[in-house]
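One chain, subunit A, links the two complexes that follow: it is found with subunit B in the first and with subunit C in the second.
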Partner chain A sequence: MLRARRRTWAVLGLTGPAYLWLAVAIFLPLSAMLYFSFLTVAPFGGREATATLKHYQAFLDRDFYQVLTWRSLQLGLHVTFWCIVIGYPAALALARHVPGRWREALLLMVVLPFWSNALVRVFSWTMVLREGGLLDSAVRVIVPGMESLDLLFTYDAIVIGLVHSFLPYMILTCYVSLQAIDGALIEAARTLGASGWVIFRRIILPLSVPGLFAGVILTFVPVIGSFMEARILGGRAGTLLGTVIEDQFTVVFNWPRGAALSFILLAIVLLILAVAWPGLRRHLPQG
Partner chain B sequence: MFRPRRDTGAALAGIWLALILGFLYLPIAVMVVMAFNESVLYELPFKPTTVWFERLAENERLLRASANSVGLALANTVIATALGTMAALAFARYTFRGKTLLRLLLFPPITIPWLIIGTAMLVMFFWIGIGRGLHAMLLGHVALSLPYVVVVVGARLASFGPSLEEAAATLGANPWQTFRRVTLPVLAPGVVAAALFAFAVSFDQFVISYFLAPPGVSTLPVEIYSAIRKGFTPEVNAISSIIIIISMGVVLLFARLYRFGGAPADGGGR
Partner chain C sequence: MQPTTKLSRWVPVLAAGALAVCAGVVHATGELRVLNWQGYGTDEEWAVQIFEERTGFKVVHDNFNSEQEMLTKLRTSPGAYDVVLINSAYTCDAAREGLIQPVETNLISNFGDLSSNMRDSPTLNCDGKAHGVAWVWGVTSFAYNTEKLAERPDSIEILWDPAVAGRVGWRDDPVEAVSFAAIALGQDPNDPSDLDAVRDKLLALKTQIRTFWSSEDEWNKHLASDQFDVATYWSGSASRSKTAFGLPVEFVIPKEGAIGWLDGLSVATGAPNPDAAHMFIDFMVSPEFYVRWDTEVGAPASANAAANAQLPADAFNRTVLGDPETVTRLHFMAPLSDDRREQFLEIWEEVKTQLAQ
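After this line comes the complex of A and B, so read on.
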């Protein structure tokens, strides 16, 4: 009895501080924001706030918000698509065609940029994509007389910057599941006369789906909530749901509207996670 | 029969990986080079100079923001590592009701986009009077770092069972002695890795800090963001180059010490 009580206290004492902190800094704020999204105005400075659904109604009434939400989702799809197209073959190359010692060094090099500041990496692209920047100059050296190439402040620039940011995630998650594939399976298939394409389609691809899946989630979810990349690389072309939410809090100061839009974004994220959960759970480390 | 095909495969793999490394490092290299270029408008030809680093040394705003970032990251590291390690110990050494729920609660801070978490913190902290500022940022950063610490330390704890601790207890050590003399030394590499993670999460954190920064107080990423939006200046390149070189250097050092980020050289698939 005494021991059981001591255990309870030990567990409470060990987990309590961390979860109290999470409650104050994550879960209470999310609840507060849900509450705010149903208010007419933010209840500061003696203003009277009453309950309303008008901020959610605004989302349904104004095409503007729906167009932007669709744009954000589209951006997520484009970035994820390019991350798969570029990253999956890279992970495959790393796991299957690079000898052990090199593999570790290359993997480290792929992951290394991801440890440097995200903002700095996005900023670095402005110098490559702007008119007279590296890409423009290079193209003009190769094709003299071509008109100047100014990709900065376009949709493509946002896609390039975001692919650059999330590619290491995709390569890493795909690599982890690809390198776990038993080489004997592939040898067996080859002995039985399977072609390289059949081996890929019937063995390698199905076994690497969990990693691919984790990479897709780790890319798509943050991208639809991004705003800084779109501001820096997209300029006026970079208006997204994320930048509109940012504006509501930092420029327009219509917090309840911003809160409602944030919750719509959160609902989309949760929906995606709920759909992905069965596939994701299998991939998570147990314990 | 298979030799030639395998060789072309390896060659293609090498080319593809080289292209990707080029894509990943090219913009960063350009940025560092431009930090040493004389032209304010990033124009070529390249004329080497260190004037932007000298300007940086006189830029009070950026220096103060840097000091804030480092201080915040250090405080975050201490608090998040301590609280997270405690929670990881509870998960690894006790069975109790609600454990699965507590584990699940670690996911929202990682999976919900920072934009949503940051704006929610702004609303809440403003509403209940915590307000904005470095203290509010610390609250936010620790919450974001905690899940990583629990996962990293938990992985280390899972790698050795409670048998060592039981042996110490059998030999007459009290719980505190057991913890200090047995658990902590074995746990140390995991705790150090977790601390590094926590430091990186805070030092790189832009979105949360951005929403919680009152006018006049900022961290390095927030200051860089406003500098970029006001108009580019090579001073931003200079400070960015310093950040990149330091953070990559630290990671490389750790990779040498701990060999993380890859399977053992002889293990895994071929």
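After this line comes the complex of A and C, so read on.
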């Protein structure tokens, strides 16, 4: 009895600061923004604000907001797809085929991009991707006489920049769950005559779904709201829901409209997760 | 190289300044807070130094990236600023909201030298009182890379010319975008009559635009790395790109006309140091400050006729903007209602969405 009570206090004491911090740092600003999204104007400097739904209505009335939302979702899908295609095999190789010391060195290289500023990374991509840039010059050395390769200010440039930014998340989350798979399971499968492909499909893949899922969430959700990479690398092709939300906050100071668009995006993300949840739950560890 | 020559030239001034500071601190101490675009004259290091030495006030800057941001800063931090730069199209809006106070023009010794059409412009004089001192004016039009275009374009239609398809830079700004299309269509950029035509004209930029730009710095980088051949631009910035950065740039005021703007300096409501604010404004509109700013750095045209007259005979601000025929082709920006601004924004967002696909 006493021990149970003590334990409750210990749990409260240990988790309390974290939840308090989450409440102050995330919940309060988010509630303020939710409140703003129902006002006519941002209530600063004595401007009269009244309650309205017009900013949410605007999303339904203007086709272009819906087009931009679809573009942002598509971008999220493309970036997540490439992160999986590149990141999952890399994590698999790291977790199961690379010996100890090399593994540490390679993992360090995976995290390395985190140590530089995101803006610096994106600006360096402009130098790589533009006509006459590093990539273009390299390709022309390998294939002389090829048409010049100019990727800067295209949709592909945004995808490349974002995949580079988010790949470490995918590799690390997949690595963690792949590395936790008990080697005895694989040996057992092998003694029962399972081929490499069958082992992958029946054991490794199902057991690594939690990591893959975490990686997908960590990539997809931030990407659909991204704006900085699109603005710098996308040029004319860089208009997304994220950049339009940014405009509302910084260019025209229509905070309510920007907030409403953000919450619509949030609602869409939650909806997607809700739809995907039943299918995913089967693969997640129970309890 | 440049810093050393600059420094050596200023040794005598520094010496004199040291004396002046000793005298200055006795009667005036404190901070003068200025709200302006970054790199727009008031924060020139040498100018701040001269002013600080003369008055003993320390000049502190805060910046904004759009007129709306400037208004928001004034609204949310009353009493935080002394001097604020306001595009004259917004001056009376700010005055009506009580964000700025009337200027005591008798404290501005250069006030009499200002061109009367700008000094007395109704956009700066709200309810019969001067709320802004006409400082500089300029043109929003386009500039081109002289190494890429053999001939100097004289029509705004160059921006829609297939010859520069995919080589056009465009500022990501709703009001400016609508104004350009209106000028090309022969409509009044301050009050376009046919917004559907404006939208279609902007949509026709789809094959033209290479990328958007949002700051002078970005513009210079894009031109230097050969990202566009012709791009919308501001006259003062074009002269800085040429003078300070040595870029092969020429600014064009096309035959169809261009957008004119006038920037004024105002005193914020509740300014902690209103006297210093007036002194600073007086220094800013003086020929002493302006001539050096334009010749060494590059500036828009001065609203001070006496200052313009002291520029070198070949200066852009004298030869082009000094030409009365050119000035008649300018459509000076007028105040816009919030509804109208919102309308322009929606057109621009819709167009940008189409351009992205």
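Following the convention adopted for this analysis, the second predicted complex is superposed on the first by the 240 of 287 C-alpha atoms of A that agree within 3 Å, B and C clash if a C-alpha of one lies under 4 Å from a C-alpha of the other, contacts with A are read in each partner's own complex, and residues count from 1 in each chain.
We adopt the following convention: a residue touches a chain if its C-beta (ideal position, glycine included) is under 8 Å from a C-beta of that chain, and two chains touch if they have at least 3 such contacts.
It should be emphasised that the depicted structure is a prediction, and the values quoted were computed from it without experimental measurement.
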Subunit B versus subunit C as contact partner of A:Gly193, first or second or both or neither: neither
Comparing the two partners subunit B and subunit C, which touches a greater set of residues in subunit A: B
Which of subunit B and subunit C A:Gly145 touches, first, second, both or neither: neither
Which superposed partner A:Phe44 touches (first subunit B, second subunit C, both, neither): both
Touched partner set for A:Val269, first subunit B, second subunit C, both or neither: first
Which of subunit B and subunit C A:Pro278 touches, first, second, both or neither: neither
Residues of subunit A that lie at the interface with subunit B and also at the interface with subunit C: 42, 44, 126, 130, 132, 231, 250
Touching residues (chain side subunit A, partner subunit B) in the complex: 7-8, 10-11, 13-15, 17-19, 21-22, 24-30, 32-33, 36, 42-44, 86, 89-90, 92-98, 100-101, 103-104, 106-113, 115-121, 123-128, 130, 132-134, 137, 164, 167-168, 171, 178-183, 190, 196, 221-222, 224-228, 231-232, 242, 245-246, 249-250, 255, 258-259, 262-263, 265-266, 269, 273, 285, 287
Interface residues, subunit A side, partner subunit C - complex: 42, 44-47, 62-64, 67-68, 71, 126, 130-132, 152-153, 231, 234-240, 244, 247, 250-254
Residues of subunit B defined as touching subunit A within the complex: 2, 5, 9-10, 12-14, 16-17, 20-21, 23-28, 30-31, 34, 42-44, 83-84, 86-87, 89-91, 94, 96, 102, 105-106, 108-109, 111-117, 119-127, 139-140, 142-143, 146, 150, 154-155, 158, 200, 203-204, 206-207, 210-211, 221, 224-225, 228-229, 232, 236, 240, 243-244, 247-248, 251-252, 255, 259, 261-263, 265-266, 268-270
Of subunit C, residues touching subunit A in the complex: 65-66, 68-69, 71-72, 74-76, 78, 97, 99, 172-174, 206, 209-212, 225-227, 341-342, 345-346, 349-350, 352-357
